[in-house]
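There are structures below to look over.
Consider the two complexes below, in which chain A is the common component and chain B and chain C are the respective partners.
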Partner chain A sequence: MCERRILCSLVCGVIVLLFSVSTPAQTITINNNLLFGNIYPGIPKSVTKYTAGAASEFLVTGTAGNEISIDFTLPTYMNQGGFNMQMIFTENDCSFDTRATPSQSAPEYDNQDPWSTLYGRLGSAGLTIWLGGTIVPKLYQKSGAYSASIVLTVAYTGS
Partner chain B sequence: MFRKQIFASILAMVVLLAGPPEAVAQESATIQALATVISSLSITGNTNLQFGTVIPGISKAVDKSEPGFAGEWTVTGSVGAELTLDFTLPDSLLLMGDSTSGMPINFVATDASFDDGAGGGQLAPSGVLDPNGLGTERLGAGGQLTVWIGGTVNPRISQTGGDYAADVILSVAYTGN
Partner chain C sequence: MDIKQLSQIYRWSVIVTFLVLVVAAGSVRGQDVANGQATANVLAALSVTATQALQFGNVYQGVAKSQDETDDALSGIFDIVGAASAGISIYLTLPQYMALADGSDRMTIAFGTTDATVDTMNVTPSTVVATDGWVDTDPNNLPGVLVVGQAGQTNLYLGGKVIPAVDQAAGGYTGDIICNVAYNGT
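What follows is the complex of A and B.
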């Protein structure tokens, strides 16, 4: 009788251990920076989220079927040696796709607002996110190579 | 025996309390937005459009290919960049000191020219521009474009003697192409 109790207690522990294995962490792979190329002073330039090789692209992987939250930290200026250049991200500048074969030109979830928290469920191939934007150089914008950081943060929601 | 039961139970509880290995709550990644701003356009007026002495009642033309008399500008910017050329032309020169007295001036469609470095300069420029319309050209391999303009003044028979002048403005801007 007593041995049964011990055995029962151990089984409980084993079961707990089995069910406590954590969900694999999500990972982000950066496939592409947001590239504007050459800019003429005084002439705004946009890169759409559909532009392969120019729009920024992230791939989030993790446990298929789990929902994640997606948050961007977006810059308002690009910088170069103390000079800045305005950046604009509109509420339609983001898209993402959870399908096995994601399509940048016809994404599953289009016109997403990068200023808001977005939610998506990881697909078998993860979740691919694209982001476009616009820069507005001044008429006498200082020439040179400008840059800014765009941070993407994802987290499981538990759903 | 009883102690073994207690030990086993405690062991189970410890396992329960220990909980799962910590899962990574969130993940962040940073990319760069990158852009290269090319140099701004600059334009310099090199030579005024000079008609010299004119005789009342007799029109006088200055050709765009006449060095020292035709108007001349130099535009500098990014190599190969496309830009618009927009002339603001006067319809008369005004008597200096008496802005109510004017002498008509006109510009025809072939009165301007340009050289992007691929031509032979003012005497054999790369092409002709119509100063009455908006032109579009590209800066040459040296990032420069030189523009010349001629014109014709038409003094009246009763034209008041004196020095006449007016602004001839060339505005340039990148098209983004």
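What follows is the complex of A and C.
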């Protein structure tokens, strides 16, 4: 009786271990940063989420079919040597696509709010996220290279 | 094996299994975080400086006098500095008269449709040519496609005309000429 219990315990442990190890974690790859290029003082500039090569693009990979939560931590300004420049992200500046061939120009899920937690199910090619935004330089904005961090956090929801 | 030995083996197997699971679970990340970047390069701010006033010198009562914008020493000159080749808009607020300092008399001033020149090559009023920018343009309606020169500067030259009355009071007359410049995003 005891030998059977020991055997069952070991077998269960190995099965659980194998299952745990065989479940791949979700991984984010940054395909593109949000690039505004040259900016004139006093002239706001927007980059839409549809603009390839300029919009921010993240690729999330993991177990196909699993749902993930998507959370952005967005900056409200860019900085250069202590000088700030306002940034704006609107409630429809984000989109994502879970299809095998994601389309940036016609995404599966368009006009998503990057300020809210988003949910998507990983496709066979993962899940691609795009983000646009706007910057508002002041009339006498100090010249130079400005930057800001855009933090993306994804996690399995378990469903 | 007796019952005691089997019980010990069972206990150890549970502990080992638990530890293995803990290690395995730790190797699987519950979430992933990526730190992307947003970048922008802000170009030089635009500035304008009035470097030379439009000067008519001595004027006789009842005799109109014109000053051409091609005169190096007497034309009005504005220097505009900014990002090279950037599109800009220039708007001049021109006076309709000049006045004595005490305001006791006024003298009409007029600007014709060819009294301004925009020089993107930063030469001089007397040497600027059509290929250097926009010559003989209307200061009240400057072209909408102006740019900062490739060296980061554009000059505006301005001429005009004063029309003193026959009973114009003698004295020094002045009037403000205001130049507004702004990037237009092109």
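We adopt the following convention: the second predicted complex is superposed on the first by the 137 of 159 C-alpha atoms of A that agree within 3 Å, B and C clash if a C-alpha of one lies under 4 Å from a C-alpha of the other, contacts with A are read in each partner's own complex, and residues count from 1 in each chain.
Here is the rule we go by: contacts are C-beta pairs under 8 Å (C-beta built on N, C-alpha and C of every residue); 3 or more make two chains touch, one makes a residue touch a chain.
The model shown is predicted, which means the values in this text are computed figures rather than measured ones.
Undergrad: Using the superposition on chain A, tell me whether chain B and chain C clash or fit.
TA: The answer is clash.
Undergrad: Look at A:76 in the shared chain and tell me whether it touches chain B only, chain C only, both, or neither; answer first, second, both or neither.
TA: A:76 contacts neither chain B nor chain C.
Undergrad: Give one of first, second, both or neither to describe whether A:35 is in contact with chain B, with chain C, with both, or with none.
TA: So A:35 meets both chain B and chain C here.
Undergrad: If we overlay the two complexes on their shared chain A, which of chain B and chain C does A:105 touch? Say first, second, both or neither.
TA: neither
Undergrad: Please indicate which partner A:143 is in contact with in the superposed arrangement: first for chain B, second for chain C, both, or neither.
TA: In the superposition, A:143 contacts both chain B and chain C.
Undergrad: Looking at A:159 after the superposition, I want to know if it touches chain B, chain C, both of them or none. Which is it: first, second, both, neither?
TA: neither
Undergrad: Could you look at A:117 and tell me whether it touches chain B, chain C, both or neither (first, second, both, neither)?
TA: neither
Undergrad: Touching chain B and also chain C: which chain A residues?
TA: Dual-contact residues (chain A): 2, 5-6, 9-10, 12-13, 16-17, 20-21, 23, 25-30, 33-43, 45, 56, 58, 60, 75, 78, 80, 85, 87, 133, 135, 137, 139-156.
Undergrad: List the residues on chain A that touch chain C in their complex, please.
TA: Checking each residue of chain A against chain C gives 2-3, 5-6, 9-10, 12-13, 16-17, 20-21, 23, 25-30, 33-43, 45, 56, 58, 60, 75, 78, 80, 85, 87, 133, 135, 137, 139-156.
Undergrad: Touching residues of chain B toward chain A in the complex: what are they?
TA: Residues in contact with chain A: 1-2, 4-5, 8-9, 11-12, 15-16, 19-41, 78, 81, 173-176.
Undergrad: Name, in rising order, each residue of chain A that touches chain B in their complex.
TA: Of all residues in chain A, those touching chain B are 2, 5-6, 9-10, 12-13, 16-17, 20-23, 25-30, 32-43, 45, 56, 58, 60, 75, 78, 80, 85, 87, 133, 135, 137, 139-156.
Undergrad: How about chain C: which of its residues touch chain A in the complex?
TA: By the definition above, chain C touches chain A via 3, 6-7, 9-10, 13-14, 16-17, 20-21, 24-25, 27-46, 83, 86, 182-185.
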